[in-house]
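Consider the two complexes below, in which subunit A is the common component and subunit B and subunit C are the respective partners.
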Partner chain A sequence: MRILSSLRAGTAALLLLLCAHPLHAAVNVVASTEDMAALTREVGGDRVKVDFIGRGYQDPHFVEAKPSFIRTLAKADLLVVVGRELEIGWLPPLILQSRNARIQQGADGYFDASLTAKILEIPTTQVTRAMGDVHPLGNPHYWLDPDNGRRIAEAIATKLAALSPPDAAYFRNRYADFDRRVAEAAKRWDAAMAPYRGLKVVTYHRSWPNFCDRFGLDVVGYVEPKPGIPPSPRHTLDLIREMKRLGVKILLVEPYFDVKTPQSIGRETGAKVLVMPPSVGGEKEITDYIGLFDYDINLLVSAIKEAGAR
Partner chain B sequence: MDYETLRFLAAPFVASLILTGIHAYLGVHVVERGVIFVDLSLAQIAALGSTMAMLLPFTGQEAHGPWVYWTGLAFTFLGAVVFSTVRVRRARIPQEAIIGIAYAVASAATILAMSKATSESEHLKDMLVGNILAVSWGEVGNTAALYASIGAFHYVFRRQFLAISLDHEKAEASGMSVRFWDFLFYASFGFVVTSSVLIAGVLLVFCYLIVPSVAAMLFADRIGPRLAIGWTMGTVVSALGIYLSVMLDLPTGATMVCTFGLVLILMAIARTLFLRR
Partner chain C sequence: MGVLSRSTAMAVTLSIASTVGGAGRPLSAAEAQEPAAVTSKDELAGLRSQLEALKEDYTTRLAEIEARLDALQPPIQAEAAVPGGAGPAASPPASLPIYGGAAASSKVFNPDIAVIGDFIGAAGKSPGGGEPSLDMHESEVSFQAVVDPYARADFFLTFGPDEVGVEEGFITFPTLPGGLAMKVGKMRDAFGKVDAMHNHVMPWTDRPLVNRNLVGGEDSLADAGISVSRLIPNPWLFLEVTGQVYRGESAVFKAPTRGDLAYVSHLRAYRDLSESSNLDLGGSFAYGHNGVTSDSTTRLLGIDATYRWRPLRRSIYTHVLGRGELIWSRRQDLPRSVDAFGAYGYLEYQFARRWFAGARFDYSDRADEPSVADKGGSLLLTYWPSEFSQVRAQYRHTRLGEGRTTNELLFQFLFAIGAHGAHAF
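After this line comes the complex of A and B, so read on.
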């Protein structure tokens, strides 16, 4: 009888252990872009398993659907999106098709990383299609300010803690460590960019307002006549004239746009065309969030020196 | 238009004249042979080759590197081999069907290869789009030299090429090696089209090839006058298209394509009004 009851207790304990194990298993996170995946990895450590959909070298406005995305989304506990309608063209159908109730918009596992970030260019008037592909909720390229990176990471840590309460302290510690490392690196980046405050630049798409705001660059024009609209001849000619007048020597292009028009503008104005990745994974050596700024600022500073812009 | 605008438009205009020169001539062959879509097909096969090259580890995945260019060209020649051998005597399968199939499969295979390639593959989407407004003087010079040598090659062997284009059966009956000359034709043609598409995009290159030649057929039968009409039309449309694009601020390639269509319609109306035959 004693043997039987202890056997029973042992089995119960074993069963409990087996059942308990999945509770402590890693949280399955899917991020819509590599940037959000990188930030989730920073705070999630080994207690999360992070997948992502859009790759850093792809245009995050257009990601072609693949069957594997739906499978990945189907088993996600948490979906981290950039939000501000950046992914509106491709992500909503994928979420629906995943038939995963946890990550549907509005559910607990749907997390919009932009909610706590500092958002620029929020339109004050009615947005119409005539304005081009303007995001009515503000510019969605907000992760390009390290302060926003810290805010996003903090929000993700809070979210992960809510999903997996036993690991709350772990996530909090990892966030504190990341926050400290970014603050330290930001001193380095600010120092590198300090001599070029007020430098006038032109960018292809409106991808860089947060970056330029943070590091004191003055964006005086865009290669696109309107967001998402390819360059037209009149706008290109006007831009060339304006760039000559203002002496703009740096033209930033995201890696997923055609460089032909920027190069012809560069030939006319003597500006340096700089292909600068706006995302983690935009180049092979950019594997994390801090690395993204290290890479971009290094690239930018050497281009400015080379162009003799200052 | 002020001086600065004209200076900016000079390179695209000269490029469009070069395109007119070679394509209006090749268009006569293409229309006579009835292989209207062969240029789209060859351009797409070249794009497939370039994309595949980027998948190979030793090419460095550099979208504008030499490996990408030469692999694209090698694929074009492969396409030329296919198109010159499939023409079997009294074949029940029309050659246009083969060309269409090659186009569809090459397009789909490019998409597949692109989905496997990393980083710079995004640029390949632009390969078939082209942007004649952004052409540089360096490109204009290289293209001019290349097309001049291919033009000279075609001039030297004009008898053979024309004989096959105008009457395939007769050429074959006369004991010519039709397949060999066909291969040379498609290979040189593919060479030209692949380079042109990089500058002007598929749609515009198609227009330069087909429209002047068709417009000329409205007014003339002999090759000489047809070439003269085709070249004149191509030049006029190029200038008009670029002018309209700048004045109305419209995308240049698409404006030129529509100008081609409009001028062709006007020429057809003129023919029915003044040239009743």
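After this line comes the complex of A and C, so read on.
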């Protein structure tokens, strides 16, 4: 008799739990970086719950595969990755250990955002590690072109619609709105950058090809002698000579790199060293995708004016 | 000659086909458009007869050509029956043979391959033998790929100075029902932290004394078996429980009969203390027959703790890691039972992007003679030219239980080629 009553209580509790759980739950999304999380939030609105792994102010190549991320991934319906082997050093073991069949590579919930984006620097010759830590599938910092942001957002909207068909129209509308806002903002950014087309700059890592391509900056050198290889004295001297020759006045550094070498280059050449975040969350005030470009372009334009580069 | 004849015949066939097709298409179009049925009927009949004539003409001509070719050519049917690819290299085949699919795609499914070299040198007096002066200690070849939508497989073959072995070779089912992950094959065991480590991911050139004395050293409890693990959901921390069953033939265990399996279990608890620091705790248990007598067994109990600090904004330049592991062994050497204890403590500090310094303290009883305890200490310095190579120096001071003392300098070159592996955590 007692068993029966406890069984009945258990069933009731289970039913209650089932009822408490909304039938139409939000899609659980985990993004590998804050940029992908920001874009997902734009199209997903309140019908998605977005988490992310890599923070905007850390080097996305070297995120640690902490077990706490396994917990985050275990409950994901959708995993949005930057792709192009950006996360190759840390994401595969996390996915494997998540025990989550929905987000394994090849499953419906594994989404590579790079597939519809414009990718630059895809090697056309045999790559070897003598070239440093090259990305054989092209440069993975592609989100730094607002047109790619629109492409990624559209692809995410399509993906979310497939995962949650009743919300398809909602995602489509949110995407259309985002697309319109980015297009409008892009006019502003293009106008702000228009006077500086062709301006020669040097960057620390190859993080900015899409940004510079879009806004007409000419990258003439890198602080890293080769991708992923820290600056060497000889390369630094060569770079200083080249920057003096070309009159380079702007040096862009990602926030996760040491500024010691860039600053000594700046002192030698008179170039302005600019710590410019390449990602949403790179600075506290950058909370969304449009805000990232607002911040960076604002920073860049005032630095150019200050340095008297043009 | 054979190729020529075949291609000529093909060209002829093609021209016939195009002629027939070319005549047929305007015909059907005219039929559909012409409203005057009589004229179109006449036209149709005319065209049809023309076509028949054409066909006949070509058929006879083709037969003629074929006959002439046959006459020119001695019968070489036997050779022609061989697939093109197997023919003499001088005559390229007209079409590639198809052996169950497009040959080029087989590469796409090749596993990721990497080779890791581990070279160790040693200097200083070591009365007990110890490491050789210069040693290509290990060459590890790994093959890793997805098997099918349900599983992946990993093989690690090691080539030592005088032996070749399968260090690991297992299939992983990462997403079984019930939140389980399962591994089946030969694998390194989950006891403690060091056992699961391959030589090239260790922060030292050697294994701690406690691992050498109590847990089988480099070979650890690695064995053929089945491993099942599961996350225990809770709102506070990462909690993972692993259970493993082994055949019972390893550096520590010896199974007298088939049924004398060895068991390893591990509980891991991990929690972020802040975004830059975390605590990783583990408890391990292993049990199996040790082969001294048919009933004698060995039990191992271990606890480990790791603290890590790495500020995210400077994550590639600095970190601190502190780790301790304590292991107790109860080895039945019937009728008596021998208890031994060992531990190590390790502290690592990264002081520049490519530079790491470390210090390790070692203490361990011997598994069969607990009255004899070895003690030691090491200082380490590691330089990474890149993610794919490391150079390491280790000064090691050891006071062996018998009273002998050694001071050695070890150095190591580690280098990896091939597929980009994941970074160790």
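The definition used in the following text is that the second predicted complex is superposed on the first by the 287 of 310 C-alpha atoms of A that agree within 3 Å, B and C clash if a C-alpha of one lies under 4 Å from a C-alpha of the other, contacts with A are read in each partner's own complex, and residues count from 1 in each chain.
Here, a residue touches a chain if its C-beta (ideal position, glycine included) is under 8 Å from a C-beta of that chain, and two chains touch if they have at least 3 such contacts.
Treat the numbers as computed from the prediction; the structure is a model and nothing was measured.
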Subunit C versus subunit B on the shared subunit A, clash or fit after superposition: clash
Partner chain in contact with A:Gly228 - subunit B first, subunit C second, else both or neither: second
First, second, both or neither for A:Asp59, with subunit B first and subunit C second: both
Contacts of A:Ile70 with subunit B and subunit C, given as first, second, both or neither: second
Touching partner for A:Thr287 - first (subunit B), second (subunit C), both, neither: neither
Touching partner for A:Thr158 - first (subunit B), second (subunit C), both, neither: neither
Touched partner set for A:Gln263, first subunit B, second subunit C, both or neither: first
Touched partner set for A:Gln104, first subunit B, second subunit C, both or neither: second
Which of subunit B and subunit C A:Leu237 touches, first, second, both or neither: first
Partner chain(s) touched by A:Pro93 [first = subunit B, second = subunit C, both, neither]: second
Shared subunit A surface residues [contacts with subunit B and with subunit C]: 55, 57-59, 64, 66, 230, 255-256, 258
Parts of subunit A lying in touch with subunit C, wherever the complex brings them together: 55, 57-59, 62-68, 70-71, 74, 85, 88-90, 92-93, 96-101, 104-107, 129, 132-133, 228-230, 255-258
Residues of subunit B touching subunit A in the complex: 4-5, 8, 115, 118-120, 122-123, 126, 129, 131, 133-136, 245-246, 249-252
Subunit B partner contacts - residues on subunit A that touch it in the complex: 55, 57-59, 64, 66, 230, 232-237, 240-241, 255-256, 258-261, 263-264, 267-268, 282-284
Interface residues, subunit C side, partner subunit A - complex: 146, 149, 152, 172, 174-176, 179-181, 230-231, 233, 238, 240, 268, 270-272, 275, 278, 280, 310, 312-317, 353-354, 386-388, 417, 420-423, 425
